[in-house]
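In the two complexes below, chain A is the common chain; its partner is chain B in one and chain C in the other.
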Partner chain A sequence: MLKFLLRRTLQSAVALLALVTVVFFLARLTGDPVDLFLPLEATEEARARVAAQYGFDQPIPVQYVRYLGGVLSLDFGPSIFQGRPAIDPVLEAFPVTLMLALVTMSIAAALAILVGAVAAYRPDGVFDRIASVVTLIGASTPDFWLAIVAILFFSVSLGLLPTSGTGGIAFWVLPVGVLLTRPLGVLTQVVRSSFLNALSAPYVRTARAKGASTRRVIFVHALRNALLPVITVAGDLLAGFLNGAVVVETIFGWPGIGHLMISSIRQRDFAVVQAAILVTAVAVFVMNILIDFAYARLDPRVSVRQAKQ
Partner chain B sequence: MEYRGLPRVIAGPAVLAISLLAAASLHAKPVTIVVDTEPDQLDPCQIDKSQVGPVIKSNVIETLTEIDPFDGTVLPRLATEWVRLDATTWQFDLRGGVTFHDGSPLTAEAVAVSMRRTLVPELSCESALKYFAAIKLTAEPVDDDTVRFTTDIPVEILPTMMASVGISSLATPLNEITRAPIGTGPYVLSEWVPGQRVVLSAYPGYWGGPAEVTGATYVWRQDSAVRAAMVAAGEADIAPRIAVQDATDGSMDFAYSNAVTTSFRIDGAIAPLDDVRVRRAANLAIDRDALRGTLFSAEAIPAAQQVPPGATGYNPELTPYAFDPGEARRLLAAARADGAPVDTEIVLIGRYNIYSNAEEVVQAVQAMLADVGFKTSIKMTDSAEWFKLALKPFAEGRAPNIFQTGHDNTMGDAVFTVPAKYASTERQATMTVPELDRLIAEASVASGEERRAKFAEALRMIHEDIVPDIILFHMVEFARVNPRITYVPNVSTGTALQLRQISFK
Partner chain C sequence: MTLLRHDFLRSPVAVASATTLIAAALFAILGPALFGDVAGKVNLRARNAPPFDLHSGWLNILGADALGRSIVARIAVAARNTIGIAAAAVVASLVVGGGIGVLVGLSNGRMAGFIMRCVDIVMSFPSLLLALVVLYVLSPSPWNVVLVLAITRMPIYVRTARAEVLEIRERAFIAAARVMGGGTRHIAMHHVVPLVLPTLLIVAGLEFALVVLAESALSFLGMGIQPPDMTWGLMVSDGRSYIATAWWVSFWPGLTIVLVALSANLLANWFRGASDPTLRKPRKVGADA
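Now for the complex of A and B:
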């Protein structure tokens, strides 16, 4: 297992190096951050001074080497706009996104397994048809529209929930509700398809022949095998959330990593952009390792080594 | 409105109503303000930045003077009086009995150090870059209550400019940006949770006595619809800068001038735009009434100059060009007959999101220009490209262009607009008119009625003789105000939302 971890870490280090390099150069293609930092009335001298202060006057290769040196010591330099180390806002924002992503995916996965399994047990039945329509609508509804409509209905018209912000459980309802509609729709379809395959497998027929109850057939015999593709899709969706649920974070005022990245890109706050992308990339790497272990745990035929080969 | 969990919320309307009544009676004094952007800093020298000023200017950090939002006059704040000793020296008397939030007294030394700090190059303070870049200024205490400012050139409006200089405690680090401002204002910064909220609480030692509002929580939501919804739901008391399409409730939504003027700069150095008849024709082609109430707010004021009404030097005699496509066509024909290459394609350079509906405005202007015979194309730019095109040095061999822009002047004097926009030595002007340069230079150092008259004449010359731009509107914004409070949004709302101006009904 240690060898596996070591190999994956080395592979990921190469990928991360490529990523930070691409991000470094792409960020600089967006233009000069000094233009946005200083007012239009600022003199050429002031622009030159700020450029020198943050090292933007140096040749790009020199900036790149300095940046790589800083990354190794987790020093991404100062945020030009916030006047503090760039890693600080990133480390404040990432846990917010992580929590939102984990809660949303947990609820989405649990609901998808329940709905998908029941729908698959009687394919083309009433429940299956209703579930298909509802989940397809959920998967294709634009989240920015749903978010605004939800705020106007539940918060302004009914006064039941806070419009936005962070706090107790009530503050989670709308963001999580909006955020989970798409993964819930996608996952339900995956679970249904996966269960249909599992329920037609010989071991399920054997279980039924032995007189096992419907609940036992679904949730004991079929569930474990049906979960493998679900984990793959859920992992992809979770990786997307870790990069930031930008729309939901922006509309509901959640101070997450997606919101931070977008505002930093707009401001051309290079140091924050680079730090945020590296932190999320590392998080995705860690999550992939965990998925590998989950695979091995669920399917004894798959060892950790095989899972990734 | 406070939410402590779903179970309580769904416990029943009666519980909710009782909670609201209790909250109203027990916590009536603090307010919540929802702005569009989190402050990136709260440094005293950045109070003129749009995301900093509304939170701390005049609330936490005060200035020697302030600008009356309704008539543009200079009012005393931390200074009670000021006098010009000679052409380059001003002396300010400080208010007595004022203390900073750390308990130290307001002294001339603190004012002098605050001024010097504002000018420290490494801090890139907004007011230093905008207003003091061309001036060498020294600040020296005369005694504990008197401070003297000396400049290398005559500065007629130093009292006005002092409204942009935040005065902070001597404990403020001189060469570093601070996120914990220590001022003399009626409120103390008591909490800043990055990404979530800034909280101000009343400063009991404030020289002006207690205010009705005992504290304020600032939160930020980027989406205008959400900001408006927060006030409608009772979660916030004021939401400045909500979009016109979200200002749908006349009982809560108030229009106010934001001192911004929208315009298109005409590149008068390139043919055919170097012909004043062509520039005038472009102005006559614009139907401002068609733009107002559609792409611009119905409350926007058609403009003839970039200086906003009420500012020193504003010329009330000027009227916007009337929509006259017939006269525009006649002027173009005359220019064409004299050899002007009127059929050359002119590039309309727009900027995404410079204001609401910016791209649509460019398209509408293109259609209006085409209607009188202009040939144009559109080039939309992001802020990076726009900045490069806005300033000299302009590219050699560039196409003739008409450039979408906007300008704000919250300081109440034409000097903050006219030189930067029209003096040929500055970086935004496309044309060189020696007579205008001379007039601007004279106006900038004149005072009183002479100053007002010279700037007014400069603006007349710009509008009627030179025609270097198409001025569109003095803009308005909307603020949504909770019916439980009384607050009149004004031109300073976007730069200094003073909590002391709020009262409860």
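Now for the complex of A and C:
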């Protein structure tokens, strides 16, 4: 177990190093890095000052080593726009996105289990067909457009919900609702098909033969096993969630990491962009290790060695 | 093939989605030539003209934007960028990703392991974030957008192709081909690729929908195609400021995205069902119990 953890951590560290290196060299090799920090109309003098301040006048290998040293101590340099270390706004925004993720994913999981179970109970029945059509539409709808239409309908026309910002429960409804659509669809289909598998498994037949009621067979015997595949798609869902968070946070003005990233990109605040991408990457890798770990713990048939495949 | 055509014509959903996609492709090819002038024509008297009101001409049937430009015409012209970029990205990642997947599946050496680890890493990371950072550093030109989308979506083809190849290469006809003296290259091209291709095409169909959405999101966020070029995502973004007064400016382009993505998804799903006999009659619960 320990060996597995170590191995995965090492792999993730190598991946992070690769990511940081790619970002560094992309930024250095595709043009003058000073461009990333200054507006186009900056004077030569300002450019020289920035170059000297950030060490862009040094040879590339020297810059790289210095940069790596900075990254290791979470020092990405100062944010030009906010006038404080770039890592600070990132660490402030991170918990906001984490909360949004927790709320969205919990609701998505609960709903998906319910809908998936009912859909699997009568495959190809009316409910199943509606569920799969809704899933398909959800998977084909751009989240930014859904967000705009939702604002139009619930906020502008009906005046029920706030258009953007943070605050009480009402502010959560639209962002969570929009973020929910895609993971909910994917999860529902996963739960449905694993339920179908579970229902034709020998242990369910045994339970039936022993006289268990349909309800008991579904909720006691099949449910727990049907939930396992949900964990296998959790990693993909996480990546998808973060994609959605960038859009949804931007539209609804949530001070999360996606919003921070887009606004830093617009302000050409490269230090913050880098810090945000690295913190997100660390979070993603940690989550993926946890997911593998959970999978191995919950299904005794899967050894940790297999889980990494 | 005839069976497939028979199935196709009998499925209204498949016919409808294929028609939508063909219409979108026609707009992508002909749109700029037919509507190029109209789409850019500013008409301040028709500013934010409402839809279904033919006073300012039939071209404003879906309304006009803040500068009085016809939304229908702009959707038709923007089809070229949206569809073209998505198609180019999908073809590029299909060819390169599928190729790598087949090679990795056939070789399975140390290098293969390394490639699969890279694939895992790229897949676990949110593709939109990756694309944003790369487009921030490079300039968001159409070819860079294609490149970024192709690279971030490539891993899925590598993974799918490899998984298929691992199963195919254990079959007897591969061993027979090898005994007959077929080299790895011959076996890959003549025995493996034809079997892997249908699966990869299904993936490509689903991916096309995803890439259309991804490109639209990039454009919407201002990191994709830049004005005055048009894409559907950019049009939605343009209308955002008028959401309370002129909903149609961003509604119709968004609905177009939904229709195209939905058609691609439906067609890919239909093809999966039609090409795989085991999926034709879904098993009933407890049928064998």
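By our rule, the second predicted complex is superposed on the first by the 274 of 309 C-alpha atoms of A that agree within 3 Å, B and C clash if a C-alpha of one lies under 4 Å from a C-alpha of the other, contacts with A are read in each partner's own complex, and residues count from 1 in each chain.
Rule of thumb we're sticking to: a residue touches a chain if its C-beta (ideal position, glycine included) is under 8 Å from a C-beta of that chain, and two chains touch if they have at least 3 such contacts.
The structure displayed is predicted, hence computed values, not measured ones.
**Student:** After the superposition on A, what does A:285 contact: first (chain B), second (chain C), both or neither?
**Tutor:** Only chain C is touched by A:285; chain B is not.
**Student:** May I ask you to decide whether A:236 touches chain B, chain C, both, or neither, giving the answer as first, second, both or neither?
**Tutor:** second
**Student:** Once the structures are superposed on A, label A:84 by its partner contacts, choosing first (chain B), second (chain C), both or neither.
**Tutor:** A:84: touches chain B, not chain C.
**Student:** Using the superposition on chain A described above, determine whether A:100 touches chain B (first), chain C (second), both, or neither.
**Tutor:** After superposing on A, A:100 lies clear of both chain B and chain C.
**Student:** When the two structures are overlaid on chain A, which partner does A:123 contact: first (chain B), second (chain C), both, or neither?
**Tutor:** second
**Student:** Mind working out whether A:50 is in touch with chain B, chain C, both or neither, as first, second, both or neither?
**Tutor:** After superposition on chain A, A:50 lies in contact with chain B alone.
**Student:** May I ask you to decide whether A:171 touches chain B, chain C, both, or neither, giving the answer as first, second, both or neither?
**Tutor:** first
**Student:** For A:222, is the partner it touches chain B (first), chain C (second), both, or none of the two (neither)?
**Tutor:** Neither partner.
**Student:** By the touch definition at the top of the document, which applies to A:190: first (chain B), second (chain C), both, or neither?
**Tutor:** So A:190 meets neither chain B nor chain C here.
**Student:** Can you list the residues of chain A that touch chain B in one structure and chain C in the other?
**Tutor:** In the superposed arrangement, which is not itself an observed complex, chain A uses residues 30, 36, 148, 151-152, 156, 250 for both chain B and chain C.
**Student:** In the complex formed with chain C, which residues of chain A make contact?
**Tutor:** Of all residues in chain A, those touching chain C are 11, 15, 18-19, 23, 26-27, 30, 36, 120-124, 136-137, 139-145, 148-149, 151-152, 156, 196, 199-200, 204-205, 208, 235-236, 238-240, 242-243, 246-247, 250, 261-262, 265-266, 270, 273, 277, 280-281, 284-285, 288.
**Student:** Across the complex, what residues on chain B touch chain A?
**Tutor:** 1, 3-7, 9-10, 16, 37, 40-41, 43, 121-122, 124, 126, 129-130, 133-134, 177, 179, 194-196, 219-223, 225-226, 229-230, 232-235, 382-385, 387-388, 390-391, 420, 428
**Student:** Which stretch or stretches of chain C touch chain A in the complex?
**Tutor:** Of all residues in chain C, those touching chain A are 117, 121, 123-129, 132-134, 136-138, 209, 213, 216-217, 220-223, 233, 236-237, 239-240, 243-244, 247, 250-251, 254-255, 257-258, 261-262, 264-266, 269, 282-289.
**Student:** What part of chain A is in contact with chain B in the complex they form?
**Tutor:** Checking each residue of chain A against chain B gives 30-32, 35-43, 46, 49-50, 53, 79, 81-84, 88-89, 92-93, 96, 148, 151-152, 155-156, 159-171, 173, 250-253, 255, 259-260, 263, 268.
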